[in-house]
Amino acid sequence: MLNKKPKKPYINWKARLHEIIYEADTPAGKLFDIILLIAIVASIVFVMLESISEFNARYHNFLNIAEWVITIVFTLEYIARIISVKKPFRYIFSFYGVIDFLSTIPKYISLIFFGTQVLIALRALRLLRVFRILKLARYLGASNMLASSLKASKTKILVFLFAVLIVSIIFGTLMYLVEGEASGFTSIPVSVYWCIVTLTTVGFGDIAPVTALGQFIASIIMILGYGIIAVPTGIVSAEFVSQNRGNHGSPARIPEVDLNTEACPYCSAEKQKDNAKYCYNCGHPLHENT
Amino acid sequence: MLNKKPKKPYINWKARLHEIIYEADTPAGKLFDIILLIAIVASIVFVMLESISEFNARYHNFLNIAEWVITIVFTLEYIARIISVKKPFRYIFSFYGVIDFLSTIPKYISLIFFGTQVLIALRALRLLRVFRILKLARYLGASNMLASSLKASKTKILVFLFAVLIVSIIFGTLMYLVEGEASGFTSIPVSVYWCIVTLTTVGFGDIAPVTALGQFIASIIMILGYGIIAVPTGIVSAEFVSQNRGNHGSPARIPEVDLNTEACPYCSAEKQKDNAKYCYNCGHPLHENT
Amino acid sequence: MLNKKPKKPYINWKARLHEIIYEADTPAGKLFDIILLIAIVASIVFVMLESISEFNARYHNFLNIAEWVITIVFTLEYIARIISVKKPFRYIFSFYGVIDFLSTIPKYISLIFFGTQVLIALRALRLLRVFRILKLARYLGASNMLASSLKASKTKILVFLFAVLIVSIIFGTLMYLVEGEASGFTSIPVSVYWCIVTLTTVGFGDIAPVTALGQFIASIIMILGYGIIAVPTGIVSAEFVSQNRGNHGSPARIPEVDLNTEACPYCSAEKQKDNAKYCYNCGHPLHENT
Amino acid sequence: MLNKKPKKPYINWKARLHEIIYEADTPAGKLFDIILLIAIVASIVFVMLESISEFNARYHNFLNIAEWVITIVFTLEYIARIISVKKPFRYIFSFYGVIDFLSTIPKYISLIFFGTQVLIALRALRLLRVFRILKLARYLGASNMLASSLKASKTKILVFLFAVLIVSIIFGTLMYLVEGEASGFTSIPVSVYWCIVTLTTVGFGDIAPVTALGQFIASIIMILGYGIIAVPTGIVSAEFVSQNRGNHGSPARIPEVDLNTEACPYCSAEKQKDNAKYCYNCGHPLHENT
């Protein structure tokens, strides 16, 4: 193993790049992640600012330049990712590969087509990239517990959502019949929409019942919604309580949070074991100097 | 028992029909249920679309034909159900029998009377038929637990609702006296309606206090509502927690979910025991070939 | 003891009246309570209907007569209560004595003064009388548990309310400075009122921020309110859970619900012990024939 | 120790002042706290009243005098605090020292500059002083428990808030693209603001979707918000439940609430031990006569 080191000097350069991009444990990797995080957040902020017409009118040039800078950063990152992995196509057609591509191209497309609204949507996709960088160990434990609690109560929540939907359709139809077009209940879908607005206690007030019977039915819907809100809360609370109990009582049940941020340079498989020398997926050495 | 099989060939046809309609375990039964589910959902969607006046103006003919197709499907199903059971009247006057009848007739009635709003309500009733088809085993466990939790906290919820009603009437009367007709508090019932809107944190805003004293009382109502919402949530949470504990600690307390979808072809009794040969209710053989 | 019975025949008549009025265990007592309950609910409904101006204009005579009937019923009941107790003044100046008096007089006052709004408030007080009649055993257990849960978390709820108030004043002042009079934030009290409306997720929308900074601060207030709502819910939930556990685990901790509806005919003390012969408070015999 | 008493008579006067100001256990200390509490609450009320233009126009002189009285009370208190501690600069640059200074000066500044809005904000800062006075033993236990519950679920709440923010930005951008400027979704930041308003079930209604697709997406956001509200509630509930259990089961885990209100006259260190003679921080005697 030791005699391999001086033999492939050019590979070491790629391996180093791979470590910087895919791993957050080294200082260079951390710096890379922080720069990328700033670029992503900045790009989101610029998309937002550009949508404010007076701001865009005033600082159009600045926004244009900033967008080009971010696009170039993303382009370089995209190329670096393709170079540093051994099987580039596996990366290109992976979930994050597609998102990286889509969030890089909008500015290039805008050179050909002008003012397309769809480009804003593409640019908003960049937000999804944040998830990759957020390999912060501290929060993973908490979010894992949140996710497992939600997963455990999934069927209950589905039954509950189905019940909410049926109640909304029945009461929505009823309100359409009772109130009619004059009060804004112009069709059953609009009426069902109003019913969801009311049942979830949002209550915009753009549509509101005006007849006595309509207000009476609305009161029933509201009190029902008030009661219904207790159900998902109860479900999740019970799940958290039972998780808390499990954790305090039997420490063996604490879910093992995977904090290893290494990825195989050959097959891009993540979640490598700590101190592993070879990828669990393809058997390739994780570090070139081993 | 074995010599009965060749004796009644005509009965076998009816028994087969009964199995398809009333049981979800066989492939034919599943297909029947899926077709019916599509028909029901489609009929609901068409009722909704018809209520959108511009859509109705444009696609009136299409909606008319679609409604006739669904009505014919429902008619055939209704007739098949009557034929396949041994005691048709028991089915006709059962809960689902009446709903099946009511959700079939609207189109026929519309031939005689034109544009009656009530027909829409009748057609919305079709949604209730969904419950019969949803014999999905997975969700029954979850919904059973939901139902039993709600049942266990029934009296507490009733006391709570009664308290909400009394608070609403008292504060509603108070707001009527304080605000008067100028701000929209035109009568005590309207004022009580506003109070329920506020207490449940829906807050439409179609009626809102404008005097200083009115806004002060409204603030008290809102904070009260904020506190009151904790009560049903707490009740249901506690119920779920104690159910969760029961299930985890003593597996004997897991409620037995009845997943058998068979129904007796003679008396229509449901919830037959698994592997039962004779109806627990009337003693009739469940399968003609036994 | 036995020789007392024939001696006071006139007292037996009063004792009988006392039993009918103050106790719900006998058939006559139950009938009395039901009639009174109907009278109270009817009187509330009539106050509500009278406030609807078009209804009042149409059925003024009917409402007037109905109000007189109810007033006479209440007057008779008030006199009967005074006669049947041995110490009338103790009853007259008790909480329910004052309420009974106040809910009886509005119609008599209206003979002298016309159209006074205050009379409506007096009539609404009648609702408080419902609580006396509702000696229903079933619900007492549930409401006792509700009450004791709320009492146990009283200080926590007070701290929470104080925190809500301080947050509202600080953010209200901030919004007043940021938004100014143009958006409806005309003064700090109005701004604090808006802040409570927002924090409790009611959101009327009669006042809403229009400046970018105002909307940013509003977003913080809303997310804060979303988080804060978890606190009272958590408090009450935890209380219910610990009560549920107490009840399931150790049956000795089930709170003893006092279902005895007897009241001493001499000193009007309630909550007598079951099967008691003498009042625990004044030593007077509870039943004249003992 | 005993021979020290007659030696420093002038020190005793300062020590007495220190005890009155910094400790709530003596009658004089309690009186001082109550007077200060009244002054603070009164100053807040006056700031509020002054913001109501019609009230200010009418009672301008009264408000002016009242403000001067409060300013003088605060000035005297500020001077007394500086005199009574041995290291005045440590107090002046402490958190409460700065707040005391800032809440004293507004009236003096108003002599030089007129009508500055910032002064109102400075005056509102006085509310923060309430926290110092509220050394009420009863509530400390409850608020400590509240605080420790929130602290224990801090990371979970942060993950949750981050999720809410990302959902708001994604759906906000979507709604901006779908609804456009006509319905009030004038820019992405405004759209994200609307999304937070909806997700938290506040629902002002100043901006509301009008297109069918917009209302459909809004329905999804609302039901999502309805489900999301369960998460913080569940987290806090579970925390309270586990705290309640800890307290009931093992009395050793009841958090020790620090009710000692003494402060060192030399270094101003708070939270002295009960019956301590010397400061735990600087070794200075806590009471001059020891």
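In order of appearance the chains are A, B, C and D, and numbering begins at 1 in each one.
Basically, a residue touches a chain if its C-beta (ideal position, glycine included) is under 8 Å from a C-beta of that chain, and two chains touch if they have at least 3 such contacts.
Remember, it's a predicted structure, so these values are computed and weren't measured experimentally.
Without chain C, the other chains remain one piece by contact. Annotation: the chain A:chain C pair of sequence copies touches via predominantly the same residues, more than half of the used numbers being shared.
When the CA atoms of chain C are superposed on chain D, the rotation angle comes to 90 degrees, reported as a multiple of 5.
Averaging Cα coordinates per chain places chain A and chain D 35 Å apart.
With each centre defined as the average position of its C-alpha atoms, the distance from chain A to chain C rounds to 49 Å.
Chain contacts: chain A has residues 189, 201-205, 229, 233, 235, 237, 239, 241 touching two or more partner chains.
Chain D contributes residues 44, 47-48, 51-53, 117, 120-121, 124, 127, 130, 138-139, 141-143, 145-146, 149, 157, 161, 164, 189-190, 193, 196-197, 200-206, 229, 232-233, 235-237, 239-241, 243-245, 248 to its touches with chain C in the complex.
Here chain B touches chain D in the complex through residues 201-205, 233, 237, 241, going by the rule given at the top.
The part of chain B that touches chain C in the complex is made up of residues 155-156, 158-160, 166, 169-170, 173-174, 176-177, 186-189, 191-192, 198, 201-205, 208, 212, 215-216, 218-219, 222-223, 225-227, 229-231, 233-235, 237-239, 241-242.
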